[in-house]
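To keep things clear, I will list the structure first and then write my remarks on it.
Letters A, B and C mark the chains in the order given here, with residues in each chain numbered from 1 onward.
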Amino acid sequence: MLKLKNVKSCFTPNSIQEAIDMLKKSDGKAALVGGGLDITVFPNPIIEQFIFLNKLGLTYIREDEENIKIGATSTITDIAKAPVMQNYLKGNVKIALAEIASELLRNQITIGGSIARHHFYSDIIPALYALRATIMVSDGELIEGFFVDDFYRNDLKTLMETCIVVGVHLNKYDDSFQFGLKRFVRNATDIALLNMAILAQIEEGVIKDVSISVGSRPGPAYRFEQGEAFLRGEKLTEVLAKDFESFTKSNVDVAKDMRLSKEYRQHLAGIYAKEILLDFIGGVR
Amino acid sequence: MKVCYSINGKKKEFEINAGEVLLDVLRRNGYFEVKGNCYMGTCGACTVLIDGLPYTSCTMLAAKVDGSEITTIKGIGTLQNPHPLQKAFVEKGAVQCGFCTPGTILVAYALLKNNPDPTDDDIKKMLDGNLCRCTGYVQQIEAVKLAAKMLKKGDE
Amino acid sequence: MKDFKHIGTNTGKIDALSLATGQSMFVDDISFPDMLQLKFLYSPHAHAIIEDIDTTLAEKYPGVGMVLTYKNTSRVIHTTAGQGWPEPSPYDTYMFNRKMRYIGDRVAAVAAETEEIAQEALKLIKVQYKVLPAVLDMEDAMKDEAPIIHDEPEVKGAYDPKRNLAAHILVKVGDVEKGFAESDVVVEDTFEVPYAQHCPIEPHVTITYLDEYGRIVIRTSTQVPFHVRRIVAQVLDIPVQKIRVIKPRIGGGFGVKQEIILEDVCAYVTMKTGKPTRALYTREEEFVSSRTRHQMKVNVKIGAKKDGTFNAVKMYVLSNTGAYGTHALTVASNAGSKTLPLYNKAPNVEYIADVIYTNLPIAGAYRGYGATQGYACLEQVVDEVAHKLELTPLEIRQKNHIKSGETSPIFRALGEGREGVTQYMQSCALDELIEKGAKEIGWLEKYGKKTRNGSKVRGIGMSIHMQGSAIPLVDMGAATLKMNEDASFNLMYGGTDLGTGLDTIAAQIVAETLGIKPEQVIVYAADTDLTPFDVGAYASSGTFISGGAVLRAAMKIREQIFEVVREMFGEYDARDFVLEDGKVTSKKTGKSVTLSEIAYQTLYVKNQHQIAATGSMVSPYSPPPFAAHFVEIEVDEETGIITPIKYVTAVDCGTPLNPELVRGQIIGALVNGLSYALFEEYKFTDSGRMIGSNFMEYRIPSTRDIPEIVPIIVRTYEPTGPYGAKSVAEININGPIPAIGNALYDAIGVRVHKVPYIPERVLEAIRNKK
C-alpha cells in the first residue's frame, strides 16, 4: 500500500545550504528525511517532497578536548558502537541507547530525527536533557548551538521550517560525574512509557551538581528542576535516596493515558530516582 | 522516478513512486522472499540487508537507498547451496511456519559477519526486532550458535 | 518400548530449507496482471442498522471492478467457524448485512485495480446508520433491559438470542451442593482472562481465480481447506464441485485461520467479475476484524476432605463471544471438558457455562481453545485448597490427578458441544512429569523460601494440564499413497501443516511403515482437488488424525507389497517377511527383493497394477497429552514487575515422533502463554473501539523477553495413536497463567484476579493486601 502518495519528488542535497534552500522553497511541503522511520510510519499527506540528509556528511561521531560531537544522521547503532562512547560515563549512555527499540530500528533511527520529533517519543531526549547536550542547528549560513533546554523552548515547528539539526555536542565529563537512566517498558522492545535520566557530579560524597530529566509518553520530556534543587549540595546517602523517592513521587510531573495511570508513573519515577542514586552510591564506592 | 539497486549481486533498475517504501518495490518486482505486513517496523519480516546492515524494508524509502546493495534471503544461500545459517535453522527446528525466517536469518547473517562467536545475549539483542510467533525463539538462538560453529569450521 | 528407525528421530522439517532459502510460496507470493484488490469498509458504531447505503460514486470511480454490500450479495445465514458438519456454532452471520454488531463489522467492500483505488472508492460510499444502544460488558448483556444483538429471525442454533445467550451448558455429575456440605474445606475464586489475539506474522490472505474450466480456485491461508470449500459453496449457493481450495505454505494460524473470513467474499468477486481477486488483511484488520480469544470470567469452587481428596468441583464460565457466535459453544465446552477430568477423584462435579453476545470483536478458536481460560482459574484454586489444608501444591495434585487406567465421568457428560465419549487413560505420565519438573526447578529447595534481594522476591509455582487429541468420533482425516519406480511414494493427504511440521511427521510415518527413508516420500497436502478429505488442523488433531490416516494408508500399502512378494517368493506367511531398508526379505528362506523391483514389476511386467491405497482415520478416543509446568519468578514488590527466571515444562505426548519438532511446539506455545500471562490484552474505548490495534501497542514477545526455558519430554506409548503418539501443539499454552499466579502467591502471598499480570495490577494487589 502506498501510504505517501502525494510525494512527487526527492532530492539528495550535497550541502546544508542546498538542503535549507530547498526546505525554504517548499512552502512547508517538504520533509527532511533522517532515517525516515517517522516519515514512513506516520505519513503526512501534506508532504510532496523529500529532502534526504544522507549526503550532507553528518554521519560521524568525533571528539575533541571538551566535547563528543555527533552528526545528525548518525543512528543509534552508530552512536552505541562508537569507540568514544564505550567508556563515556562508564558506558552507561551506550547501554541506555542499546536498549531502545529493536536492532532493526536502532539501525535506522537518527539522532537528528529523534531530536526534531521530540514531542512524539521521549526515549532519547531525557538522556540529552540530563547530559546537558548542545543541539547544533544550522540555517544554511550559521551553525548555532542551543543548550538543549533552550532548544525546546523554541517553537520547534517554526524553527524547523528554516533550519536543520546538524548534530549534538555532549560535554566530556570527568570521573566525578555519574549517569544513570531507567525506563519502564511493557516488554523489552516497547517505547518507554516512563523514563528518568540523572547526571550527577559527586565530590567527597556530596552532590555538587545534578541534572534530571523525566519523560513520559505521550508527553514531552522535561527537566525536573525541583528534584535537582532538592539534591544539590546534599550528601549522597541511602537516607537521601529514600527521601528523594518520596519527594519525586509527590512532585514529578508525568503524563497519563490508557497505557499507564498517572499515579503509577509517579510511583515508578520515585523508585527510579531512588534506584539511580543508590547505583551512584555503589559507583562511588 | 527511476532507482537503481544491486540486488543479490545483480544490477536492477526500477520505476518507482517517490513515496514508496522498499518493501513494496521489491515485492512488486517479484522478490516475494521478502515478507512483511505491519508496515511499522514492528515485525521484522520485511528485513533486507542494505549495504550489509539489516533494516525493515517497510520503513525504508525506496528512493533514499537508490544506488545501494540490497541482499535478500536468496542472496546468501540457495536450496542447492545453502548458507550454514540456513542449514542450522533446519537442523535445530528453528523454522516452523517460516514466515519470519528470511528476516531472522538475514539479521543473524549480519551478526555473524561482525561477531563470529556471539553469546546468547548478543544473539537475543540482535534478533529482538524479528518477531516470531511460532518458535518461542529458543531454537532460533541455538541455530545461530550452531551456524557460528559451522562457519568457524570453514563450512561456508 | 519399540525400536524405531525414523519415528523418534529429528528428521529435518521437509519444507524448512525451502522456507529458509526464501523459495517457498505463501498465498501472497503469486500475482496476476488483472487481479482485483479487495478492501473493506467497517462499521464505526458498535451497534447500528444501516438505513441506507449509496455506492453510486464508488462504483463510478475509475478502476473499481465491483462494490459489495448487503444489497447485492447472497443472503445465506451461516457460521464462519470452520468446523465439521453440522457445525456446533450458531448460524448468525451473513456475508454482508444491514445490522452492524461491533466496531469493525463489515459494511461494504470494494474490489478495484489497486489497493489505493479500492481505498479511495471506499471513502465515496455513503452510509446512513441508525445507531442503537450497544452493550460491551458480559454481565450487562445478560440483563433484561439489554439491547438484543441478534434479533434477526433467521438466526439458528444460538441458545437464547433474545437474552444475548449464544450458548449455554449445564452438566452435572453427582450432587455438588451435597458434596460441598460434606467437605472439610471449601474454596472458591474467580479469575478473568481478556481478549487477546493469535498474531500470526502472516495475517489472513486469500487469492481467488477461475481455472480454465470456470471453476473457482481459492488459494488461501487456512487451517481448514475442506471446510472452506463446503462453507463457500453454502454461502455462494454453488456446488462444492465448482470450488477448489489450495493451502500453500501458511505463516502460522494458532486457530485464527480455522475460520472463513475472506474466502467467501473473494470467491464471490471472482465469480461475478471473472477476475482474480486478492484480499490481504492489514495488521489492524487482523486485530479488529478477524478473530480473538474468548474473554472469560471463570469461577471455580472446590470442596475437599481433610486428607486433600476432592469431594466436589464446580466450575462456572462466563464467556464473551463478541458480536458473533463462532466457536461459542465448543470453546466453552472445552473450558470444562479439557480441565475437569484432570481431577477425576471428585464424585460430584458441575459445569455451567453461559456464552454471551456483546458488541465487541468476534472471538473464535485460539490454541488452548477454552482450556487456557479454564486452567487460569482451576489451577490457582487447587493451590488455594492446598494452602488451606497445609498441603503442598505437589501433594494435592498427586492425590487427585487422573492416572493410567482411570476415567472421568466428564468425558462422557461433556463433549464438543454435545455429549462426549467415555475414555480410559491408556497413557498418563503425570506422576513422572511432576517429579521430573519439580526436580529441575529445584522445588524442594525453593518452595516457600521467598528468597529476597532488596525489593525483589523469588517465588515458584506449578500447575498441571491435559488437552485432547482431536474430537472423538467427529474429526476425520484421510491419506492416499502410491508407489513409484524408484520406491518413492507420493503421499497426498488432507492434513494441514501451518508450520507445525505435520508434513514431516507424515513422511516419517510412511518411512517407518514401509522401510524407506523420509526423503523418499513426496508430500502433497491440503488441496481439495488432489488430496482426500481431512477436517484440517485444529483440536490438536494433526498427528493423531491426519498422521493416523497416513499410517493406515501405509499399512494397506504394506499389505499390497506383501501380496506381490508372496507370489514372487512362493511363500504365504507374511509374518516371515521383513520390510526394511527398501527391500523385503524372507526370514525363512533369505530371499530378498527391493521395493524398486516390486514397483517395476507391478507397473510394467506382471500382475500389473498401481500399488496405492487410501486410509481414513476417525477415533472414538481423544487421548489427552499431559503437562506439568513449573516456573520461578522474581517479583519486585515496589513496582509490581514480574520477571520469569526459569520455566520448566514436562510433557507427555506419547511417543515424540520428532523430538525437535515437539520441542518447537512446546516452547512456541509456552512463550505465547507467557506473553498472555504477562502483557497481552485488548483495550477498548467506552464506545467499543479497540485501542492500539498494532504491534506498537499490542506487545508480543521478542527474543529479549524470554526466560530460561527447559522442556522435558517424557515418553509414553499411546496405543490408539500412530506409533504411540498423542498431540502436543496446544497444551503448553495453558500453563503460564496459573503457574505464574501460583508463583506470585508463593513469593508475596497475593493473587491477581485479572490477567495479564501487568505491574500496575500486581502493585494494586500488594496494596490491597496491606
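The criterion applied here is as follows: a residue touches a chain if its C-beta (ideal position, glycine included) is under 8 Å from a C-beta of that chain, and two chains touch if they have at least 3 such contacts.
What you see is a predicted model; the values in this text were computed from it and never measured.
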Chain pair with the higher count of C-beta pairs in contact (A-C, B-C): B-C
Centroid comparison with subunit A (C-alpha atoms), farthest chain: C
Centre-to-centre distance between subunit C and subunit B (centres being mean Cα positions), rounded to whole Å: 29
Interchain centroid distance [CA atoms averaged], subunit A/subunit C, Å: 44
Where subunit A touches two or more other chains, by residue: 1-2, 5, 102, 188-189
Subunit B, residues touching no fewer than two other chains: 39-40, 125, 127-130
Residues of subunit C engaged with two or more neighbouring chains: 282, 696, 700-702, 704
Touching residues on subunit B, where the partner in the complex is subunit A: 1, 17-21, 24, 39-41, 44, 47, 53-56, 58-61, 63-64, 107, 125-130
In the complex with subunit C, residue positions of subunit B that touch it: 32-33, 35, 37-40, 42-43, 45, 72-74, 77-79, 82, 85-87, 89-102, 105, 123-125, 127-141
Contacting residues of subunit C [partner subunit A, same complex]: 115-116, 119, 282, 638-639, 675, 678-679, 683, 691, 696-697, 699-702, 704-705, 758-760, 763
Footprint of subunit B on subunit C - complex, ascending: 10, 12-13, 15-26, 28-29, 198-203, 249-252, 254, 280, 282-283, 498-501, 660-661, 663-664, 667-672, 694-696, 700-704, 706, 709
For the subunit A and subunit C complex, residues of the former touching the latter: 1-2, 5, 102, 184, 186-191, 258-261, 264, 267-268, 271
